[in-house]
Every structure is written in C-alpha cells, then in structure tokens.
Amino acid sequence: MSAYTISIVSIIGINVILAVSLNMISGFCGQISLGHGAFFGAGAYAAALAMFATANVPLAVVAGVIAGSLLGIIVGFASLRVRSDFLAVTTIGINFLFVGFVRKQSWLGGEMGISGIPPTGLGAAGNMVMILLMACATVALSLYVSRSWMGFAFRAVGEDEQAATTLGIGAGAYKLAAFGIGTALAGLAGALYTFFTQFITVDAFDFIFSVMLMAMVVIGGIGSTWGVVTAAVGLTLLPEAIRFVNDYRLLVFGGMLVLVIRLAPGGLAGLTRNLFDRVRQA
Amino acid sequence: MYYIDLAVTGISFGCMYAMMSVGLTLVYGLLRILHVAHAAVFALGAYATVLAANATGSLALGFLAAIIVTPLFGMAIYRLLYEPLLGYRPDVPMIASVGLLVLMQDAFRVVFGEQGVTFRRNAFSFTTFDFYGVTVSAVQIALVVTAAIVFLGLHLFTTRTRIGVGWRATVSKPRIAASFGVDPIKVRYLNFAIGSALAAIAGGLVALLNNLVDPAIGFVVSYKALAIIVLGGLGSVRGTLIASLVLGLVEAYGTIFIGAWLDRDAIAFLALIILLMIRPQGFAGARAA
Amino acid sequence: MSAVLQLDDVAIRFGGVQAVGGVSCAVEAGDFVGLIGPNGAGKTTLIRIIAGLLRPDRGKVILGGIDVTGDPTSARVRCGLALTHQIVRPFREMTVLDNVVLAAGIGYTSEPLRALLHVSRRRESERAAAILASVGLAGTERKLAGALPLGQLKRLELARALAVSPKVVLLDEPLAGLNHTEASKQVETISEVHQRGITVVLVEHNLEEVMRICRRLIVLNNGIVIGDGEPREVMADPVVHDAYVGGGMVTHAEA
Amino acid sequence: MLRQRFKSSASGAKALLGFASAVVLLGAITATPALADIKIGFQVPLTGPAATDGKSAQIAGEMAVEDINAAGGVLGQKVQLVTYDDQAKSDQAIFTANKLIGEDGVKLVVNGSYSASGRAAAPVFQKAGVVMISAYGVHPDITRAGDFMFRLVHLGPPQGAATALYVGQTLKLKRISVITMDNDYGQATMDGFVGASSKYGIEVVNKYSYSLKDRQFGSIVASVKRDNADGVYATGYFFTGGPLVAQLRAAGITIPIIGSQAFDSEKFIEIAGPAAEGTYIIDSFDRERKDEALQKFFAGFKQRAGYAPEGVAAITYSAFKLMADGIKRANSTEPKKVRDALAATKDFPLLEGNMNGFNSLHEIIMPIHVNEIKDGKFKPAGEIDDLNAFAPPEK
C-alpha cells in the first residue's frame, strides 16, 4: 500500500468519525451544530499535549475524548437554554471562540501551532489501521445507538421536544447525551488527527471545516448513518479523483449542499430509499 | 482624544455592522430563516460598486448599479432557494444558505480573481477631516450619515407609508395583515429587495473604506452579522441597531485592551454567548419568541 | 383512598393579573374529575402548572405523595402523570405504532443510560398494539402519524398517555374539534380508561359530556375554586351558576 | 424535517446524476497526463485564504518550467510539473506529499505554500528521501526536518532582525510602534524585530496585533497616533498592509512606515493609493535590477496573470530555476545527488539577485533588499548586507 493510499484512507477514516458523530448530534437528536470543528480541535490539542507529556497513545486518546466531550457538554448545557436557531449561531460562536482563543495562547503554540508531536510508534500503516478500527467502532456505535431506545428517544426529542417530555423523556438529558457522545467522538477524531499529522495548527479546525462536515451529513442524508458514511467517503475522495472538483472544491461542495437540500432533502439515503421503494413497486 | 478616536472608530464600525445586519434581521423576522447568504449579497454589492465605478468613472453610478443588482439577487435567492423550503424546519434553509454562501464566495474568486479589485480613482477614501484633534475620514462620516438616513427612512417607511405599514404588520401579524389586503408574497419580495439593497450600500461603503474588494469580503459579515442579530433579539430592527453599535464600540476598545488573549472576531461571539447565557432571548427581549 | 394528585395553595401571577390565586384540592385514586370554568378562569394555567410547564409563585404540586413542584414534566410523567395536549402533538414522522411504543418504553427512556443499553422493543410493541386496539386505532399501526385525520390523532394522543402506565391522566380538551360521533366514541374510550382504575382529570368545554361522565366537578373562576363536589350539586350552586351566566357561557347544565 | 419529503425527490435524483456525470466528464478531459521525463512536484494553495499567493506561485511555477523546457530542458530531458492544491493546510500538505511520492513517483519538490503546509510536508518528504525547496514558507521547522530540505526565503526572525538593523541604523528611528499580523509569518518576523531592536537602540513603544481577516484598523490607528512614535513597523500581507497603511495615513500619521516582505505587491500600491508613498518594504525584490531574466519574467508574468508579479511569484520562479540547476550540477535526478549539489550552491542568480549559498541548515544566505514606494513605484532603498546581523540558525 502506498503512502498516498495510507494517508487518504487515514483522512477518510477521520472524516467518517467526524461526520458520523455530528450526525448523532444533528441527525439523531436534531440539534444543529455548526461548530463541530471546535470539538475536533479540542481533542487534537489535548492529545498533542498528552503525547508531549507521556508519549502514551491510549492516554492521548483518552485526553482527546475527554477534552472534546467536556467542551461538548458545556455547549450542551447552552443548548438547553437557547432556541434551536439560536443554537446554530451559538455553535458557530463556539467555533470562532475556540479558534480565536487558541490563536493567542502561546502555551498552545499560538499561530505557529504545535509541531514535532511524538509519533505513536505504529508507523503510518499502523496509524491507519488504528484510525480504521476507530472509524468502524464509531459506525457500529452509531448504528447501535440508532436502534437502541436512546436513538428512539433522540428522534422524539429531535422532532418535538415538548411532546417527548410528556412521554417521560427528559429532553435536556438526551440533548446532553447527544452532545456528550458526539463531541467525545469528535475529540477521538482529533486525537487520531494529531497522530496522523504530528503537527497541528488551529486553522485546520475553523468554521469552514465545520460547514464541510455539515455538508457531509446533509448530503449523506441527515439521520442516516450509512448515508453519512457514504458522503464522508465520497466527498473526501471526490477532489482526489476529479481534478475539477479539486480546483473548485468550495464551489462544488457549496453547490452540492444547495442542490441536495433543494432537490433531494433526504440526501443520498433518501434517494436510495426512494429508488428502492420504486423498484419494489414496479 | 484617544478615547474619542476609539469611539469614532467604534461608532463607524457599528453603523457598518448595522447596515450589514438589518437585512438579515428583516428576513428572520418575516420568514424565521437565518439568511447566511446575505453575506454573499453584501459581497456582490461591494463587487458591483467597485466594478461599475471603475467602468463608468462615477462612484454614484457604482452605488446605483449595486442597489439595482443586489435586490434582484436577493429576491432570486428567496424565489429559488427559500420559498420551496418554507415547509421545513428552519435549520434546513439555513444550511442551504450556508451552502450558497460558500458557493458564491468561491465563485467570486473564480470570476473576479484571488487578488481582489480596487477602485481606480478613489479620492474619497483618502479624505479626512480634523475636529480638534479627532480625525474622521470621509468614509466614516458617509457610513454614519448613510446609516442614520437608512434607519430613519426605514422608520418613516414602516410608519408613514401604506405599503410600509402593511410590511410591518405582515412581520408581526401575518394573518391579520393578509385580511387587510396586504399581499404577504409581495411583502416577502419587498423585504428581500430592501434588505439586499441596504447590504449593497454597506458593501459599497466597506469597499471604499478598505479600497479593496476580495472574495473574503463577505465572510466576516456572515458570522458577525449573525451574532449581531441574535444579540439584537432576532427580528428586531431597533435591537439590531443597538447591538451593532455596542459591538462596534466593544470591538474598538476590545482590540486594544483584550486583543492580547482573544482576537477581534472572537470578541463578538464572547459577548454573544455571555448574553445568551444570561438572557436566552437576546437584548430586545421576547419579541421574536 | 389516598390522593394521587394534590394541589396545595397553588398561585401564579402574570404581570398584574392573578391567573391562579391559591388553589387547593386533592384528587383521590380512582376518581373521575372534571375541571371546568369560563374562558380565562385559569384552567389552562393550572393544567400547565400541574404538567410542569409553568412554575407556581407559591404552593405545591404533589403526585402520589411526592412533592414534584420543582420537577420538569418528564419527571412528573415518571411519577405516574400522563398528559394529552389540547392541540395534538404526535411525532408526525413516526408510525402510529412507534408513537405508542415510544411511550410504552418509558421504563427505558426515563434514563438515558438505560435507554442506551436496551434495544429490544418486542414487549413494548405488543403492548402498544393492544393499547391502540383498545382506543379503536387497530389497523393504523403502520401509517405515519402525520397522515391520520384529527379524530384519530386525538385517540392516538390518548393511547400515548395510556402507554406510560399512568396513575392519573390529565386530559386537556380531548373532544375539541371532534364531530358528534367522534366525540361520543372518544368519551366511551375515556370511560373505559377510568374503569381500568386510572384516575382521570378532564378539562373540557363540552359541559354536556362532562356532566355525563364525571363523578366530581371542580369549577374555577378568576383563578380560584368556586365549586367542588358532585356535578349536579355543584352546578346547582348559585355562585357557580352566576359565574357561568355572568361569564357569558350559556350551558346545558340543567339539561 | 429533512426526512419528511424524500418522496418528491425523483427529479432531484436526476438532476444530481446529471451534475455528477458532467463533473466526471470534465474530470476525464482534464486528467489526461502528458508524458515527460523529469517530474517536479509542486504544492500550492489554490483554494482557501492563501489562494491569492497560491495563484501567483502557480503561474510563476508554470512559467519557470516552460522557460526551462524552452531552453532545452535539463540533462536533455523535459521537466514536467505535478501540481497539487494543499489549501495551505497541514493535513492537505501531508496528503498531497504522499500523493506526490506514492502516486506520481516524484523525487524533487517545490513547496510554493505557507509554513503550515511546508512544516507538515517536510517530515514526509525527508523520510521518503525527496528533495524539497520551500519557496516562501518562513517557519524554522521546515529545514529542521532534515537535510533534504532547502529554503529560499529568509526566515521570519532574520527578516525581523534585518529590519531592526535597517530601522535603527539606516533610518535612525528610535521609538517604534509595532503591529503584528496574527499568523506564524507575522509573529515570527515580529519576534525577530523585537528581539534585535535593543541592539540598535530601538525602543518598542507599543505592540498591537490584528487577524488575517481584518481590513479595518481604526483602533490600532488611533493608538498609534497616541503613541507619538518615530516610526511604525507592521508585518502583514499586501491585502492587510494596503488598508492599514491607507488608514494610518488618513488619520494624519506622517511618520515613516516600514512593512514586511509580504507587502511586496503592486496591489499594495493600488490599494493604499497615494498613502503608499514613502512606505519601506524590507526584503522586497529589486524590480529595476538590470537583469534580462528578471525583466523577461516581469513582462511575461504580467501578460499571463494580468497583474505584476510580487515577491512570492519571483521566489517561486527562482526555486524551480535553482532545482533545475541543482539537477544539472548533480548530473542526475537522484535525490541524494541533487541534495548535495543544492547544498553546494554558490552565487546562484535568483530573480531577486545573487544568493551567496546555503548554510548548514540549508537556510538561504543572501543580502536583503529594501524598497521604498516613490511615485507609485517600487524604488530601491538600499541593501542590508551585514549578513552576520541576520544570520539564520545553523544545524
């Protein structure tokens, strides 16, 4: 396997974790978050610091997960206080605050970022395998959650919070749970990203990146794990496979986002379901 | 003098933010959509101003071109993007709007180039006045004066003219307004037209102030204006005006006094998040709740 | 018999208006109570307080002996309270069956961690199907809830309320918007619910039906209780009568 | 909700399919590679916030390769450019580096991007034994990644130190207000200036900073006015420096303004207009040098891009010329031999002037040229040739 394949598979794995975890917050539980990059970044920075302190990979993963979910639960508490459209703006705000804060922190490398992060010792291929395993675990978790009573309750909260409450479902607790799980996974992705690049700068976690993640979720079909996985893989590969997409990346992604919402709001998942229904009818 | 200089800066920032955001808040008030692509309208206004001004040699024609082109664009966004999505929850058109902004921003880059465009003749940009040691530039004065005219005009329009009253009524009580013969669809187009035209004027003025229109010009608007209209209590024009001025001043002083640990963009959002935690319904209260 | 639902001097003010001004009452287990009053009497406010959507300025709400005044709605539901909304709120994108299954799963969903650890819905599906049949919705299980007509949605609302295994159900205008046939069907179902031993508190404008099925009537006016007791006796009380006539509400109370 | 309406999306499916096939078709047309002998990898930021510089670098790179091939290529072989967009982001840089190594089998690379890219790509290339010349990435980490790394631009701190020398000794300014752009380039350069300032008797009156996205500097301008300093030193790019200088002058501040290297663009003069007059730009390239290659490049670039080349373009062009020269001197495309040839470079003519060579860390050794804006043009305002005053770090 060439170094190129290894790195593209690694990035795909990381993007899958990010998109699937965002889908748990925004798709399953209906809490639109446009600041997923912040949790990703928190995990990456925490893992980087942990690697410098201990050079212990599991510990760094744990640090990333904790940092991501801590920030996530704080935002989750905010989500309990604000209306849903305020939440989108609040999460954008969290993203800008995170970037604006880290930029100025010399202990986090400020603008320079953090480089020379100790390697995991697994090599590029080993890292890739680790990333893939984590991505598979994330997908499995997502599939499990959507089948469990928790996923059921998430759907209820996402659709009508008050109605859910009258069925004994504590909407607040579930929103926190969604943010907690989703952002913990984003933190995990952050740690893996740190292992992959061994060098992080805050620009990698900006608002535009969060928008790209949301694009993956929406294009894949909000709420559908497999749809989102497909979109994450496809949208990561597309610029690689097609030169035109590479040169006009934002044009294409933005355009796809608009077209999908406008013409096929169910995303890829909706399209397949639709096709499947028609085949069955025929 | 120094603090007055900063205040002048802050007020002119504030007026600029107010004109950028008022269209956004109008759209929200009417349709409950966070019209993020308003930033693309703003950028289009800036490009139209500079390109038309350079082509004709007249700044006035530049602005005229901008306030002709952008309302059309704004109304097209409503017709082609938002109207078909009105039945969905508000997140859906918002995400589409974000997509449109990203698309437009890259389109500006492709069409007008990475380098950006500058005014060929722009004496206006470099004219300043000195009031007892406080320096005020012509563009700053233009910003404040335009904002004052615009907001006063908006106020008069919505209280004194038939169509304006109908518009305001539609925003607050759509059904009652409809029963009095106000066509809600017309009002929506009017809403987008006026909001877009205001953004275009703001865009043109910012273009003058920077003497540069680059593809990223709208981006700052997109997120800062969002913060502002939430601070202003979504849908409230007066709240937006107040929030803009406050944010302008906070930024003007904040850049100097807290710039060492937080950058300017983050200041707006820090204020936003603090406010939302204390008053989840925003400055202007429960009007949009 | 002990009180399943007890209000203790509950009061709330909105601005200058005393919407509810010190209401105390106890609903015994197995009772069937109608809560009535003219428009603006404070019924809706009181229901919102009982449901946990509003917090009273003073007083207590006690459910099955537990003070739940500070608890959110979901916690009250777990204490044995069930609610139906005046305006129906089904999960429109779920099937009818899923709507009820979700309610029947309250044992899992009341605790996110427990919800995460359980997957099987078989038992709840069976129970939900039975409940749907009991309210006359058999055959609609696979339809999307959003596709049901209003009459059926009202019954779905009731089915969901039953599925949480409540001790007491609070029905907020379950007949509103129904035609005559639908209404009498719905009344029948409610009676059956009561016969199963569930305490019912019914808020309804349709006084005729209320008089017919309730065992006890509580009348609110201007935020206070002006009558409480056996329906016919209460309606015969001149104070109640005046309030109703004075409130502009022509009734068939004597009919 | 979104899931609600998927039934109505049949037309959507068609439209999407149509769009996708159009994209695929376009891709097929543009992706056919031309066969060539020596591949040189090229990482440039074509999208994202660094696209302005990336575009110039890309044009310059293409011109360089065309010029090299027009002159008969290298070792009798043609040079082929393999360009990838790294968005000036670290993950994309790693990604495209691996792609260059693994897919394209490239052994020689020019990184025409910012530090974030160069820093991330350097260890990857080093490990694979690929020679990389960073054209204008200023972070020290790039060359520290190993001996296959070279840099053609002065490091941030030496640039800053040279600026202090020029400000203190040539311009003889004592009290300076400094304005830092918040990115690695802006910060590193400013650190060099502040660190060396006391050596030349400069007092830093006050420090301010702004973000890459800022175009309005009212607060900073008001503060600088109050500082009452002898001069202002600002780091930044032309698109931030242009508005900054215009606003400083508009506020009636008449003291000398000294700008950092990335102010170097015709666009800077265009944006700042008459306010640009008298601005000093440190490490800006001498456009008037009587050099045939320079004048030819200047005209060619302008014709091709529609605007005059800036420092970034010149240095990227030079990077390719140097790479070709390295191959020639090594008489091989073997990376190790090219590396040794490059390390031994002496007095090589870059577009910006002759470079003396590389130090042990493969940092460039070369005098720093200063321009001053006069009559809307870049005019030479001296050389800083005390090489010891801004010596880059050694291995």
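Labels A, B, C and D are assigned to the chains in the order they are written; within every chain, residues are numbered from 1.
Rule of thumb we're sticking to: contacts are C-beta pairs under 8 Å (C-beta built on N, C-alpha and C of every residue); 3 or more make two chains touch, one makes a residue touch a chain.
The UniProt protein names, listed by chain, are A = Branched-chain amino acid ABC transporter permease; B = Amino acid ABC transporter permease; C = ABC transporter ATP-binding protein; D = Leucine-binding protein domain-containing protein.
Keep in mind it's a predicted model, so treat the numbers as computed, not measured.
The chain pair with the larger count of C-beta pairs in contact, out of B-D and A-C, is B-D.
The greatest centre-to-centre gap from subunit A, using C-alpha centroids, is found for C.
Centre to centre, using the average C-alpha position, subunit B and subunit D are separated by 34 Å. The mean-CA centres of subunit B and subunit C are about 48 angstrom from one another, to the nearest whole unit. If each chain is reduced to the centroid of its CA atoms, subunit C and subunit D end up 71 Å from each other.
Averaging Cα coordinates per chain places subunit A and subunit C 42 Å apart. For subunit B, the set of residues touching two or more other chains reads 88-89, 92, 106, 260, 263-265. The set of subunit C residues that touch two or more partner chains comprises 92-93.
Multi-chain contact residues, meaning those touching two or more other chains, occur in subunit A at positions 103-104, 159, 208, 218, 248-250, 256, 261-262, 265.
By the touch rule above, subunit C contacts subunit A in their complex via residues 51, 53, 72-75, 77-78, 82-83, 85, 89-94, 98, 101-103, 105-106, 108-110, 112, 114-119, 121, 160, 163-164.
Subunit D makes touch with subunit A in their complex at residues 1-7, 9-13, 15-16, 19, 23-24, 26-27, 30-31, 46-48, 84-85, 87-91, 94-95, 98-99, 101-103, 116, 119-120, 123-124, 128, 139, 141, 182-184, 186-188, 211. Partner subunit B is touched in their complex by these residues of subunit A: 32, 34, 78, 81-86, 88-90, 92-94, 96-97, 99-101, 103-105, 207-208, 211, 214-215, 218, 248-251, 253-258, 261-262, 265. Touching subunit D in their complex are the following residues of subunit B: 1-2, 5-6, 8-10, 12-13, 87-89, 92, 106, 109, 113-116, 118, 122, 125-128, 130, 135, 137, 206, 209-212, 214-217, 219-220, 251-253, 255-256, 259-260, 263-265. Interface residues of subunit B facing subunit A in the complex, by the touch rule stated above, are 32, 34, 80-81, 84-85, 88-96, 98-107, 110, 223, 226-227, 230, 234, 260-270, 272-273, 276-277, 280, 289.
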